[in-house]
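Next come two complexes, and both contain chain A; in the first it sits with chain B, in the second with chain C.
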Partner chain A sequence: MREITADRLDDMARGAGILGTGGGGDPYAGKLLAREAIRKHGPVPLVAIDEVPADATVVAISGMGAPTVLLEKLPAGTEELAALRALEATLGRPATHIVPIEIGGVNSMIPIAAAAQAGLPIVDGDAMGRAFPEAQMVLPTLIGVSNTPMAVADDKGNTLVLNAVSNLWAERLARAACVQMGCQVSCADTVMRGDQLRDGLVPATLTLAEDLGRAVREARTRHADPVAAATEVLSGVELFRGKVVDVERRTTGGFARGQARLEGTGVLELSFQNEHLLARLDGEIVATTPDLICVLDTDSGEPVTTEAMRYGLRVTVIGVPCDPRWTSPGGLALAGPRYFGYDCDYQPLPMSS
Partner chain B sequence: MREITADRLDDMARGAGILGTGGGGDPYAGKLLAREAIRKHGPVPLVAIDEVPADATVVAISGMGAPTVLLEKLPAGTEELAALRALEATLGRPATHIVPIEIGGVNSMIPIAAAAQAGLPIVDGDAMGRAFPEAQMVLPTLIGVSNTPMAVADDKGNTLVLNAVSNLWAERLARAACVQMGCQVSCADTVMRGDQLRDGLVPATLTLAEDLGRAVREARTRHADPVAAATEVLSGVELFRGKVVDVERRTTGGFARGQARLEGTGVLELSFQNEHLLARLDGEIVATTPDLICVLDTDSGEPVTTEAMRYGLRVTVIGVPCDPRWTSPGGLALAGPRYFGYDCDYQPLPMSS
Partner chain C sequence: MRIGIDVGGTNTDAALIGDDGQVLAGVKRPTTEDVTGGIASALTALGATRVSAVMIGTTHFVNALVEAARLEPVAIVRLGLPATAALPPLVDWPDRLRQVVEGATYLCHGGCEYDGTPISELDPEELQRVADDIRRRGLRTVAISSAFSPVSDEHERRAAELLAAELGPEVHLSLSAEIGRVGLLARESATIVNAALRPLADHTVAAFAEALRVAGITAPLFLSQNDGTLMDVEQARRYPVATFASGPTNSMRGAAYLSGLTDCAVVDIGGTTSDVGILVGGFPREAAGEALVAEVRTNFRIPDVLSIGIGGGSIVADDGTTGPRSVGFRLTDEALVFGGDTLTATDLAVAAGLASIGDPARVAHVSPERPLKLIAERVAEAVDRMRTSPAPLPVVLVGGGSILVDELPGFDDVRRPDHFEVANAVGAAIAQVGGEVDRVFSGPREQVLEEARGEAIARAERAGARPGSVRIVDVEELPLAYLPGNATRIRVKAVGDLDLEKIDA
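Take a look at the complex of A and B:
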């Protein structure tokens, strides 16, 4: 057992930004919330999956919304605890552990803030090993764990508790409420026992995020290539270096959707729904969801979120293999390219090295 | 105390259809649900407001959705009890009485079905004295009673429980969920104690609906004017007789909205959002919400709902004064013409008699 202290958040947030594959929301605002909560309530114990008692009540805490909205409408900081308390009232018992639903982006930080506020330990892992745009796209869905009861809370004081017949229905209903609530809410859901975590989580991803963020920072300090450092930590592959020449983006149905066009040696096209989902190099597919398509600032190695993509940015795109459970038939049905409406099958990364 | 038996539902549903002022949903499907529930579980005790103990837990049961959808997508018959049970679980105590949230249309029948299924008495009254399209448009809002916790259940087995910061927020969030759920759900909400009913309800409206439905039927039997009979029971005023010549209708945002044009001695234009809200005769306003604008088939005296309005129907439009609490400043702010976007003030009916 270790502790998450305020001084560890910078590296962790940087790594989580990279693992967010362009989505998951800029972790900056989340980092401020987590830092404030740790200053007020003390460090958050970080426990490995196998340290969690079998009968523990583990609750996933996350933000839901469009990253484009998060840029302008900051959380009140009360949402995550309100969601947790509403869920506990429904469960009739308190949570014993908090866990991130996704490691990518702001959703690495919001559960840390919640854990600090609630005085609970956080589990080192998450339910995706990346960021995905929809609530049912979690490993617990693959093992039959319901994501409801799900509590949703907004900055105004509204809460709702869902009980849905499927994890997809929970996504539909929570998303509709989220849009009404201003596209920026917190959720408490996907209650698991400790003995479900091995199958329901990707292990040690908070540690991975921190290692990744540290590697980028240290490479910069010693004037090495920060992107290469990130690629090495992630066992990824560099797909493209170039310049952003066009971004088409719209916030619709509670998501930031769009396309980006990069020029370098050839033309790379990225398609995203909050997260990058497809990369085409000169028209040929080079990476698809559920593998991670990460866009980094070429000079600094900092993650570039889809909402921050703009003309002129020099970026490097790396591909990182997803957790192998995502490329099972069930995993691909849940988060493969065809689910998102792309007329292509999943294609493994070109792992030349 | 009396009982609602299956043979009383026809008159009650007819009267409720008239009191629905074009909205509230065609009570036909609701009547079938109530009849089936009474056959299965027995008659429903009907209690007057002053028979309800002061510490009773009175729960309003209703359907939410667009009447145009109800025509094609019938309820499963499980929604109202699912909503009630979800609300009771949140309250931590069982309901002792059921009450209609609105007397108009299908929402007179759904609480009867729920009361039969739950084995509870129903209170003779409702929270509007008519039908209104939005959930916050109830007398309890005027006396500071929250409509949440509110439970919403659909035909698929999804439920959600809302806790909102205002009755308007509950409407916004429940409506968004309702649209996702297929525009046809049941709600359990607006929990009141027995001693709040005098201020929170319009009394004896189930009895009024039955008296009204019976008067229309009996007038028909004795070849008298059924519309005149209805007008007399309601102390209303006949505004127009004519033929429907045009209907513009769209189902949008969870509502059936539109306009109808009637020709007779002059031209009457009706504007509706589920319910009729404004009547203009040759361009001059003759009736506005919150007064009741009821459209009846001229020959039969049967209510004509907004979704059933069509070219060629011979109809009579009558105006009925609303409960006086609706014409207070607070009542008009909640359900007056300006709330609905009409650029006019409330105007009392021309009560020539």
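Take a look at the complex of A and C:
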């Protein structure tokens, strides 16, 4: 059995930041939370999907809220366990494994902190293979797994257990509670048995995040192109290199929405709602959700989050194919461009270029 | 006329700039332990007293942090409970520095949510206990931070009033809302650094003023900030952390001024390090993402600089490699040409005939070719790492140590402008004045941005900028959800050239 030790978090967080496609929150605070939890409680066992017993009780732990809020209002540190215990009380049985709901961004790290605190192993995989802004946008929704009961806990000690008629309803109710609770809460939800993980998770994404983070770091050390190294690990395609010339954003309904304009050889327009969802090159669509649109600092290969986008940054935009289950009709209905209000259909990445 | 001064760890440089912008004179003197002596000696050497302003750039404060020396232990007060407790202050600091700086840490109630509503109410009794403990421990400087203070700094200010009333005027208070931007840990760390430097700042700024007095200069004194703008003496005493990146900013802007180039690489070779930066449109390229200063993560906007340990005082090892160990300010005692017994980079330059200082006879036995070639290769490699395209890039060499390098492999256009050795001081002298707007605006985006820009420009002009020279250098928008009328906190910074006639008036 492998284990996640504090010294592996840097690479893992860097890779998770890239997989966050601009959103999911800067993993930095999450990395510190995971590091402090591992220092206090010891390393976290990391198990592959096929190592999990069929009757295991696997619980997803995540943070919900606006990423900008986490930069400023750090957690109390009690939220994850409070949510887990509230969920277990409703289930009437203890969790046996923790799993990330989303590998992209800070939610790759929060479950590591939770697993360390709870003394449980973490499953190597996640329910998105990237970052998405809403709770129902997970592979378990496609196979009919409910994300409720869902327990939500804030930094003040409030907890809430939701039962909803659909995963979308759970998202709507939890989001409303999240806003009232200060836009930064922990959730324990999407309970799966071990034998559901193959269909409900994108496998080995914690390992992928670490491989990705390591590739970028090592490319930098040997003065190679870190963006090219990341593109290779992800089997992605470079879409654009240029400079950020304008960023417009607003926070509405708990989401950071906006647009960024990049100039290089042509003009690239990025539309984001926490994550980058659409890229237009000189007016033509070149990438859409649910494929991954990753923005990297051109020099360092470090991920650039949508909240860190600002004038003058030199960035490279790469496209990475999503898990194929996302491009099924059900997947696109859940997380395709039209769901986010963009008047266009999903368009596969120009992988040949 | 005005005088620019750069107070570095090794040398104090000064430049006299005429009213037509010509550099009239430049001098270099060793930095003295008391700071005053070096400045006074440089001013005396310049020989001009009838000047309209003196601008000082200094690495004194950032060096204190890098060396973890001359720092005052800080009482750290964070308002945010029950939130924020998972990651206490200093959680991401290196242990060595943390031990020096942490006087005591107090997590207290207060702070606000993203929309300005309180996380919890400020608790005066809790702060009373904090004040008692600070007094009992004899701590003299306090850093106060609170969650979302860039949105509402009310709790920070009230806590500061309560602590000031209890602790008296001798205890310094640094408030995070006045120092950094959104991002609690990074802003708090910058505030803690500022607090740790406050006693040193009092002492150092007083030393600067004394040096001017000794040299018979009555003109107003300014210090240069990270962004290339100036602050007055009172501000400098309160915000020493704002000078942190002024060294590279001044040297790059000085190099641009002296060379007439606006897009180039600048290599500033000093006594201990060579610092490589990139000028784009006359301004230093900024570091992306986190800015690490002495391994502390802050959210300053600072120039993107790559430092390598090669300078005039660097020690040459037996295998022919130079640095990173340096004799530093003891160069004039320890270098061979000055009668010492350590082979330094300066000795190589003298042996190669690139410089005529000290006694050349003492290095007659030294073969400088190979070590100098290795130095050029390492500097060229550093410049190459900083470039972002294979397009030809002119390189401007400045700083006293730049005599070590004549050619850089892979770069065709390498120049060393007149007065290269005092580029830092020239950069300080041409520093600009800024105006900043930072408040909540309501209305359509373009309209409020225009309003904010206009206000920032007007403030820069009121602060002494010449009308017409002012331009916007930074725009930051922070949307505030759930407030009526599309409220957005907008921060705009404008800078322009200092209008000396306004100072004289």
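Points worth noting:
The rule we apply is simple: the second predicted complex is superposed on the first by the 352 of 353 C-alpha atoms of A that agree within 3 Å, B and C clash if a C-alpha of one lies under 4 Å from a C-alpha of the other, contacts with A are read in each partner's own complex, and residues count from 1 in each chain.
By our rule, a contact is a pair of C-beta atoms (placed from the backbone, for glycine too) under 8 Å apart; a residue touches a chain by one contact, two chains touch by 3 or more.
Nothing here was measured: the structure is a model prediction, and the numbers come from that model.
In the superposed model, A:V165 makes contact with chain B only, not with chain C. Within the superposed three-chain model, A:A86 lies in touch with chain B and out of touch with chain C [touch as defined at top]. Applying the stated contact rule after C-alpha superposition, one finds that A:G157 touches each of chain B and chain C. Legend: residue contacts after superposition of the two complexes on their common chain; A:Q180 is shown touching chain B, with no touch to chain C. In the superposition on chain A, A:I285 contacts neither chain B nor chain C.
Touch criterion not met for A:A48: it reaches neither chain B nor chain C.
Shared-chain residue A:K73: touches chain C; no touch with chain B.
Taken together, the two complexes place residues 156-157, 179 of chain A in contact with chain B and also with chain C. Against chain A, the residues of chain B that register as touching in their complex are 86, 90, 156-165, 169, 172-173, 176-177, 179-181. Contact residues on chain A toward chain C in their complex (touch as defined above): 28-29, 32-33, 36, 66, 68-69, 71-78, 155-157, 179, 182-184, 223, 248-252, 254, 256, 297-300, 302, 304, 308, 310-314.
Looking at the complex, you find that chain C touches chain A at residues 80-87, 91-92, 111, 113-114, 119-120, 147-148, 150, 182-185, 286, 288-290, 385, 388, 445, 475-477, 479-482, 486, 488.
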